[in-house]
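Presented sequentially are two complexes of chain A, the first with chain B as partner and the second with chain C.
Then we have the complex of A and B:
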C-alpha cells in the first residue's frame, strides 16, 4: 500500500467519527487536558511518560480530526491543535495503541466522561484496516475464527479434557458428577472462558458440582464446538471479526435450543455476548437469554442450597475485579457472595468494584508476551502494590486475561501468591453428601 | 561447554524460545533450550513430563490439561513446579516443541 493510500484510508476513518455516534464526537471535541485521566491510569501510574497519558494517546487521532473536521483546525492548523497524518507514524501507533489496556478507569473519573478506551479501539481498528495488528494478537483472532476457540483445540481434545475432569471429580467425591456435552434441549448452555477446560479445570468442576447438588445435572450442557467465549475482535478493533466469532456461538445456542446462555468467568466474553445480543444489537431478538455463571451460582447460594467447609480454603483470599465485569457490566457482588461462602478469610482489595485498578493485561495485552517487560514493570505495577497490601495468598479473579497477567506478575516479582478462579474456590469447599472434595493439587 | 554455543536449530524459535516448526524438534535441542531457559540438565523426570506432553499433543493437537500431567506421570504439583520453575507451559510445553499457546490461557 502506497503512503498516499495509507493516508487516505486513515484520514477517512478519522473523518467518519464526525458522522458516527455522538460520544465519539464528544471525545474528539471536548478535552480540557486537565490530567485526571493520567492520574487514574494504571499505565501512567507505572511510568509517568507523555506517551502513556491517555489524553495524549487520544490526541494522536484528535489532531487529525481537528485538521479535517473542524473550522479552527483547518484555518489555524497547529495553533488550534490540528496536525496532518504522517504515514511514518504508523509504527509508533502500533506500539502506543497497544500500551492501553482499555480498562476504562479514565472514563470513570473524567469530568467529561471521555472514554479513552474507545479511541484506543479506534486506533487499533485503523491499524487492523492497514494489516498492522501485532502478530501475536492477529494469530489469536485467526485461530479463533478457524477453530472456534483461541487454543486451536478440536472436539476430540475437548471431550478428552472433559472426561478427565469427570474422573477428577469422581476421585474427589467418590461419586460420578457429570459434565454434559452437546445435549440438545438442555436449559443452560455453558460457555467457559479461554483455556478453562484445558488449562484451569477447577472452575468448570465447580459449576458441575453446583448443578449436581441442585439435581440439575441433566439441565445444562457444554458444546464440543463452542467452548471458548474469548473474542479478540474486541481487542483488535475489527468489528467484522468480532461478529463472525460471536455468530458461531449464537448459532450453537440456537441449535442446542437452550433457554439461557450461561457465560463463564470471562469479562470480555460476557460483555460482548450481553451487549451484542441486546435487541438493538447484531442479532435482533434471540430465543435465549444471557446470564453469567457467577450471577447464577450466587443466587443459588443466597437461596441456601449449599453448605461449605471453609477450612478447605484457609488462606487469605482477595478478589480482583476484572474491568469488563466490574466497570463495564456491573457484576461485582456475585463473585464476592461465592468467595465469602467458600473461603475462611476473604479480604477486599482497595479500591475495588467499578473503581478497581486494571491488572495491567487488559485489552488483550495479556496474550502479548512480546511486551511482557511493559506488562510487568509498567502496566502491572499498581496492581502488584494493591495485591501486596491485602496480604492475600490467593487472588481470585473471573477472567483468563487477568489470571494470566496476575500469575506472571506474581512470579516476576517473586511473590508466592496463587491465582485462580472464583468457582475454583467453591469447588474446593462445597459439600457433596456432607463432605468437601478430597482435593488434588493443581499446578 | 555445549550450552555456551547456540546451535543452528535454536534459531528456529520465536522471541521466547517456542519452536516455529514442531518437526525441528529433537532431544538435543530440548536440552539446549533447557539450558537456555534455566531448567538445566534434564533428568528422567523432566523427560517423563516432556514425552507425555509431546505424545498428548500428537494425539490431540493441543497440550494436555495441566492437572493431567501430574496425574499421568505420578509427579506431585510441587515436583512439577520444581522441575520447571518457569511454569508448565513455558517449561514442559516449550521443551516438548509445542507451538506457543495463543490466547489468554
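Then we have the complex of A and C:
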C-alpha cells in the first residue's frame, strides 16, 4: 500500500468519527487535559512516560480529527492542537495502541467519564483496516475464525479432553460425574473459554460437580463445535470478525435449543454476549437468555444446596476482579460468594470490584508474548504490588487472559503464588456424598 | 478610538452571544442525534431515571474526580463554584436587581456589603484557584506533557479577565454601576450605539472584551467540557 493510500484511509476513518457513535465524537471534543486518567491507569502507573499517558494516546487520533474536522484546527493548525497524519507513524501506532489494556479504569475516575479504551479500540481498528494488526493477535483471530476456538483444537481433541476430565472426577470422588456434550434440548449450554477445558480444566470440573449434586446432570451440555467464548475481534477492533465469531455461538445455542447460554469464567466473552450481543440485539430476538456460570452457582449456594470442606483450601486466597467482569458487566459479588463458601481464608485485594487495577494483560495483551517485558515490568507492576499486599498464596480470577498474565507475572517476579479459577476452588472443596475430592495437581 | 470602542463595546458582544448560543445549540443537537449504543460501566445506575441523576451529581459535585484526584478536585470544584457565583453576581452589573433583592428583605446596606464582601472575596479566591491550576499544569509531568498551547491560553485568558475585574473592584478606577447598567440596557434593547459613557473606562472595555471573547470561544475549545459533561456521563451509566 502506498503512503498516500494509507494516509487517505486513515484520515477517512478518523473523519468518520464525526458521524458517530456519540462516544467517539464526544471524546474528540471533551477533555480538560487534567491528567487524572494518567494517575489511575495501570500502564502509566507502571512507567510514567508520555507515550503511556492515556490522554496522549487519545490525542494521537484527536490531533488528526482536529486538523480535518474542527474549525479551530483548520484555522490555527498546531496552535489549536491540530496535526496532520504522517504515514511513518503507523509503526509507532502498532505499539502504542497495544499498550493500553482497555481496562476502562480511566473512565471510572475521569471527571467526564472519558473511556480511553474506546479510542484505543478505534486506533486498533484503523491498524486492522491497514492489515497492520500485530501478528501475534492476528494469528489468534485467524485460528479462532477457522476452528471456532482460539486454541485451534478440533472436536476430537475436545472430546478426548472431556473424557479425561470425567475420568479425573471419577477418581476424585469414586463415582461417575458426567460432562454432557452436544445434547440437543438441554436447558443450559455452557460456553467456557477453551483454556478451562484444555489448560486449567478444574473450573469445568467444578461446574460439572454443581450440576451433578443438583441432580441436573442431564440438563446441561457443552458443544464439540463451540467450546471457546473467547473472541479476539473485540481486541483487534474488527467488528466484522467479532460478529462472525459470535454468530457461530449464537447459532449453536439455537441449534441445541437451549434455554440459557451459560457463559464460563471469561470476562470479555461474557461482556460481548451479555452487554453487546444481547443488550443491543445483534441477532434480533433470542430464544435463550445469557447468564454467567458464577451467577448461577452463587445463587445455588445461597439457596443452600451444597456443603464444603474448607480445609481442602487452607491457603490464603484473594480474588482479582477481571476488568470485563467488574467494570464492564457488574459481576463482583458472585465470585466472592463462591470463594467464601469454598475457601478457609479469603482476603480482599484493595481497591477491588469496579475500582480494581487491571492485571496488565487486558485487551488481548495477555496473548502477546512479544511484549512480555512490557507486561511484566510496566502494565503488571501495580497488580503485583496489590497481590503482595494481600499475602495471598492463591489468586482466583475468572478470566483466562488474567490467569495467563498473573501466572507469568508471579513467575517473573519470583513469587510462589498460584493462579487459578473460581470454580476451581469450589471443585476442590465441595462435598459429594459427604466427601471432598482426593485431588491431584492439574497443570 | 471611537470606532474601536464601537467594535469591542457593541459589535463584539452581539457576535459573541450569537456565536455562543448557535455554537452550543449546534453541538448539543449533533451530539444528540448520533447513535449511542450502551457501553455501561459499573457500578451503574440500575433504575430508569438515574443516569440523569448521576449526570447531575457529576456536574454539581465532580464525584468521579473526587475519587480520582482529591487535590485537583478541591481546586477545580472551588474554581467552578466561585465562577458560578461570580456570574450570578454579575447580574447586578447588567441590570438593576437591587429592587428585587430588597423585596426579598435585604437592606441596601446588606446588598452593598454582599457585593463588596462576597464579591471581593470571590475575585481573590478565583484568582488563587486559577494560579493553582496553572502551577499544577506546569509542575506535574503527567499534566504538563498533555498540555497544549490552547490549554495555557484558556487559563491565561481567564486569568486576565479575573485580574481586570479585580482591578476595577480594588483599584482606583472603580467602574460606574449606573452607567454600566445603562449600557447593557441599551445593548439589550438595540439602542444608542454611540457615545457610550461606560466605554470611557479602559479597564472595563478590556475586561468585557476578554470575557466576550471567552464566551465566543466556548463551543470551539476545551471550554466545551462545560457542555460535554452533560452527555459523556450518560454514555457509561445506561
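Quick note on the criterion: the second predicted complex is superposed on the first by the 440 of 443 C-alpha atoms of A that agree within 3 Å, B and C clash if a C-alpha of one lies under 4 Å from a C-alpha of the other, contacts with A are read in each partner's own complex, and residues count from 1 in each chain.
By our rule, contacts are C-beta pairs under 8 Å (C-beta built on N, C-alpha and C of every residue); 3 or more make two chains touch, one makes a residue touch a chain.
The structure displayed is predicted, hence computed values, not measured ones.
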| item | value |
| --- | --- |
| Of chain C and chain B, partner touching more chain A residues | C |
| Touched partner set for A:327, first chain B, second chain C, both or neither | second |
| Touching partner for A:55 - first (chain B), second (chain C), both, neither | second |
| Touched partner set for A:156, first chain B, second chain C, both or neither | first |
| Residue ranges of chain A touching chain C (in the complex, touch as defined) | 19-23, 25-27, 29-36, 38-40, 44, 48, 50, 53, 55-56, 59, 70-72, 78-81, 104, 107-115, 118, 275-276, 279-280, 326-330, 332, 353-355 |
| In the complex with chain A, residue positions of chain C that touch it | 27, 30-31, 34-44, 58, 62, 64-65, 67-69, 72, 76, 140-143, 145-151, 220-222, 224-225, 227-229, 231-233, 235-237 |
| Complex contact set, residues of chain A against chain B | 136, 139-140, 143-144, 150-154, 156-157, 160-161, 164-165, 168, 193-201, 228, 230, 232, 266, 366-367, 369-370, 399-401, 403-404, 407, 411, 440-443 |
| Parts of chain B lying in touch with chain A, wherever the complex brings them together | 15-16, 60-63, 65-71, 76-78, 80-81, 87-89, 100-105 |
